[in-house]
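Paired with chain B in one complex and with chain C in the other, chain A is shared by the two complexes that follow.
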Partner chain A sequence: MEIIIQQLLNAAQLGAVYALIALGYTMVYGILRMINFAHGDIFMVGAFIGFLLATTVNMPLVLMMPLTMLLTAFVGIAIERVAYRKLRDANRMSLVITALGVGIFLENFVRMVVGPQTRQIPAQLPDKILTFGSGLVVTEDKLLIILISLALMTILWLFTNKTLMGTAMRAVADNADVIPLMGINLNRVIAVTFAIGSALAAAGGIFYGQAYSIDPYMGIDLGWKAFIAAVIGGIGSIEGAVLGSFMLAGVEVFTVAYLSSNLKNGIAFGLLILLLLIWPSGIMGKPMIKKV
Partner chain B sequence: MNPVLKIEKLTKSFGGLTAVNGFALELAEHEIHGIIGPNGAGKTTVFNLITGVYRPDSGHILLEEKEIANLPPDVISRSGIARTFQNIRLFSQMSVLDNIKVALHQRSNYRLWDVILGLKRFRSQEKVIAKESLEYLEYFGLTNRHNEVAGSLSYGEQRRLEIARALATHPKVLLLDEPAAGMNPREVEDLISFIRKIHHDFGLAILIIEHQMPVIMDLCTHVQVVDFGQTIAAGDPETVTNDPLVIRAYLGEEEVEEHEASGN
Partner chain C sequence: MKQHQTTKPMSLITKLRTATPSWSILAIAFLALSGVLELLGDMDYLNQYYLHILIIVGMNIILVASLNLVNGYLGEFALGHAGFMAVGAYTAAVIATKIGPPGLPTLIIALIGSTLAAALIGYLVGLITFKTVGDYLAIITLGFNMIIVNAIQNIDYLGGPRGFIGIPKATNLFIVAICVVLTYTVLRNLVYSDHGRRWISIRENAIAAELMGIDINRAKNMAFTIAAAFAGLAGGLWAQYQQFITPKSFDYIKTTDLLVMLYLGGTGSLSGSILGVVFYTVLMEVLRNVLSMIDPRLAELRMLISPLILVVVMLTKQSGLMGNREWRWFSPRKEENTDESCS
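Coming up: the complex of A and B.
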């Protein structure tokens, strides 16, 4: 029993990181109908900004985390401004190719600056081992990662559903053409979306770098996983991205624990195919009916 | 008195086709002005030019004597022009209340920082706008529908919501693009009194494109007939609708002859 709970917590930790990345995919898709394939690499950039702040100026986590999120938000805004804005009305394929190009640029840029080695963000979260009941052992940092991630997701949900700016974001997703006629600057709403998505990915990057390790290519694998999670949940849906992330992490963690680590990706991707056969628009996605 | 909206020599071509050709218009404060003409005459293009959806090739659009041609559509909206669409364009998957809130968004000026830090500027503006959007729904008789998804409303309610949303941007000039399209004579009657009411209560100048003649005859003090992007007649509704040029543009040559032969 304790082992199962332990595995559930492992899954929750991994799922939280996936979710922080998946939210950026789903939000950008929602407003631009575009898969930002550079997003996994924005997550990686966030992890390295955090790493640099923690190692070069020994910045404590309470400062390092908000500052990293802020700086990564600007990276996201800059990418949209420079690489995507001009192509907004172009063929979707051009945008996707551009996004892949931006991703490769970010990987190589970071490798050039910090080198290709694997590193770890110095652990700053308290990591005391807590024992519950008859032998359930949990480290504090694991709990904190899960809790802070859930708090960030809750704030995002409140923002999109309860504030005017969030309402404007949902309106862009619903019918972007009408937005300027409401007196709203569409570019600003899109910039805010990229900023939020990138900041959340940066938080995921810091947590990932505390729990595991970071390298310039980490965004490829994790980016794909988070993208899959967003698609399973229903891309465009915030709740769906979170649900898909925890599901995918659960499948991975339990496959490794009870079957074989070699099967991890095979089962995860197999699940994607299976679920999409049942729900072609993802679990919480709306079926796409294009207006004529 | 100076016109609130003045258009001079407005021209727009798409490829080889001149959709709007030297179009001119003067809309006085608090006037209701009609634009009629056959399908494809360039009426909606004029609306798209006024609202900045298209950029004119040449000409001037003056709102209270300030040039707005070539400004981005969101700036034009904020300077006081709102519109509705021939085919209703709501945020159909959002609630009725949220549709109004989007239109009121421009009245807020807080930044992302204010939200993150939960500052007073953010909270008080959110409160004011929530209250104001409920007032709009109350006025438009949509209060009991405020939580419903806009796309689930009846056709007539969607029309009303679209007009409510346009008015929530606080316009000086309201552009209505075929508001009576798809309505039966009863509904048209209701729409006419509804437009008259908002015209009075909001102190607006209104520009209407319409095919349903009762709307034009009952509401407009001035009518302009457009064909092939040019004004072919203008004046009060009575005179204009009896103009032979107008009848020809609408009905075609042969019918005009029959029309004349029958002694009209």
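Coming up: the complex of A and C.
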């Protein structure tokens, strides 16, 4: 029983990181109908900004995390401004390929700046070992990562549902053609979306760098995983992205624990295909209705 | 009233432009050229490095052109091409090592085997894939790519994650050239046949195409199966050229490379696929050489320059270098006379 709870907590930790990335995917998709393939690499850039701040100037986590999120948000805004804005009305595939190009650029740029080695962000979260009941062992940092991530997601939910800007974002997601006619600055809404998505990804990057290790190419793998989580949940839906992330992480962690670590990807993707055949637009996604 | 076309005397330039050589002459000339290059390479007159680049270009042309069938002509966004390449590569590896003595018959059997195996897997994958469209289709094809790679990693007979070692080397430039010509002849004939028209009509408007009586699922699955078959062929060539294959080399990073070359060259254009592959490969090699000539430490910079070029091309010319256009001599003659734009 304790082992299962511990695995559930491992899954929650991994799922929290997936969710922080998946939210950026789902928000950008909701607004631009675009798969931002560079998003996984923005996550990686965030992790390395955090790594540099923590190692070169020994910045404490309380300061390093907000600053990293802010800087990464600017990276996201800059990418949208330079590479995506001009293609907004173009063929969607050229947008996707541009995003791929941006992603490759970010990977190689970080590789040139910090080198290809695997690093770890110095542990700054308290990592005392807590024991509950009869032998349930949990480290504090794992709990903190899960709790802070959940807090960030709650803030995002409140932002999109309770503020004016959040309402504008949902409106753009609903119908991007009419919104500019309502006097809403479309460019600003899109910039804010990219900023939020990138900042959340940066938070995910810092957590990932504390719990596991980081390298310039990690964004490809984790980006795909998070994207899959977003699709399982129903891309465009914030609640769906979170749900899908925890589900994917759960499947992965339990496959590794009880079957074989070699089967991890195969089972995760098999499940994805199965789920998509049952719910073609994800669990919480709105079905696409096509008018003739 | 007499109705007849006034025949103006053609200028020399127009004459030269319309006097395009026929496909078979071009194909034979291309084969002869690659045969000569291969012989020169064998006799050490030509640097093996250039031969290597030409072989890589040839294999990538097969891969990109077949991907073009699905992503360009059919207009779906498939992301799993490297998976079918893996099926072909591993089939060829097994056939070449377990069946016959190294030689031409084994090579041919291995290539046919890899093509058929990839076509079969492609057909089965297509049955499931085309229940969805759009982004979900992209993800499902990507998922199958990962599943194929993951399955190979878990089969000890195929070497598992360590890879398959000791495949006899049988592929050379001439063999690759034959396969390129074969691929292009088949693809060109398909694209300009009624099958091709069906795919293009599905791309332009699937609902209208269905109303015209096209069996959409059948047409889509056919394009997908053929694309997978040629990816398998390229995989078979690859395995018997590299002599060592690992599952990792067929994951989505390979697919991404192919996508970059495809969209750089332009979708819906067979000549664009050639242009994209040649442009990208040559650019990478030239950058590598020029930069390391200036300063060896700069060689890394090409990794930054090449994605930048991709982004700039996309920003300035969204349909790629040759999007939905063909070189004049690429399209069949009848079309040239009726349609100036050679769509």
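We take it that the second predicted complex is superposed on the first by the 289 of 292 C-alpha atoms of A that agree within 3 Å, B and C clash if a C-alpha of one lies under 4 Å from a C-alpha of the other, contacts with A are read in each partner's own complex, and residues count from 1 in each chain.
Throughout what follows, contacts are C-beta pairs under 8 Å (C-beta built on N, C-alpha and C of every residue); 3 or more make two chains touch, one makes a residue touch a chain.
Not measured: the values here are computed from a predicted model.
*Asks:* Contact-wise, after the overlay, does A:Phe105 reach chain B, chain C, both or neither (first, second, both, neither)?
*Replies:* The answer is second: A:Phe105 touches chain C but not chain B.
*Asks:* Go through the superposed model and pick first if A:Ile97 touches only chain B, second if only chain C, both, or neither.
*Replies:* The answer is second: A:Ile97 touches chain C but not chain B.
*Asks:* Please work out whether A:Gly266 is in contact with chain B alone, chain C alone, both, or neither, and reply first, second, both or neither.
*Replies:* second
*Asks:* Determine, for the superposed model, which of the two partners chain B and chain C contacts more residues of chain A.
*Replies:* Of chain B and chain C, the partner in contact with more residues of chain A is C.
*Asks:* After the superposition on A, what does A:Val137 contact: first (chain B), second (chain C), both or neither?
*Replies:* A:Val137 contacts neither chain B nor chain C.
*Asks:* Once the structures are superposed on A, label A:Ile3 by its partner contacts, choosing first (chain B), second (chain C), both or neither.
*Replies:* In the superposition, A:Ile3 contacts neither chain B nor chain C.
*Asks:* Classify the contacts of A:Leu276 with the two partner chains as first (chain B alone), second (chain C alone), both, or neither.
*Replies:* A:Leu276 sits against chain C, while chain B stays out of touch.
*Asks:* On chain A, what residues does chain B touch that chain C touches as well?
*Replies:* Common interface on chain A, chain B vs chain C: nothing in common.
*Asks:* Name, in rising order, each residue of chain C that touches chain A in their complex.
*Replies:* 71, 77, 128, 131-132, 134-136, 138-140, 142-144, 146-147, 149-151, 153-154, 161, 207, 252-253, 256, 259-260, 263, 267, 300-301, 303-304, 306-308, 310-311, 314-315, 318-320
*Asks:* Would you pull the chain A residues touching chain C in the complex into a rising list?
*Replies:* Residues 29, 35, 83, 86-87, 90-91, 93-94, 96-98, 100-105, 108-109, 111-112, 220, 224, 227-228, 231, 235, 260, 262-263, 265-266, 269-270, 272-273, 276-277, 280-281, 288, 290, 292 of chain A touch chain C in their complex.
*Asks:* Chain B touches which residues of chain A in the complex?
*Replies:* Those residues of chain A that touch chain B are 159, 163-165, 167-168, 170-171, 174-175, 177-186, 192, 195, 286.
*Asks:* Touching residues of chain B toward chain A in the complex: what are they?
*Replies:* 51-53, 72-74, 77-78, 82-83, 89-94, 98, 101-106, 108, 112, 115, 122, 125-126, 129, 165, 169
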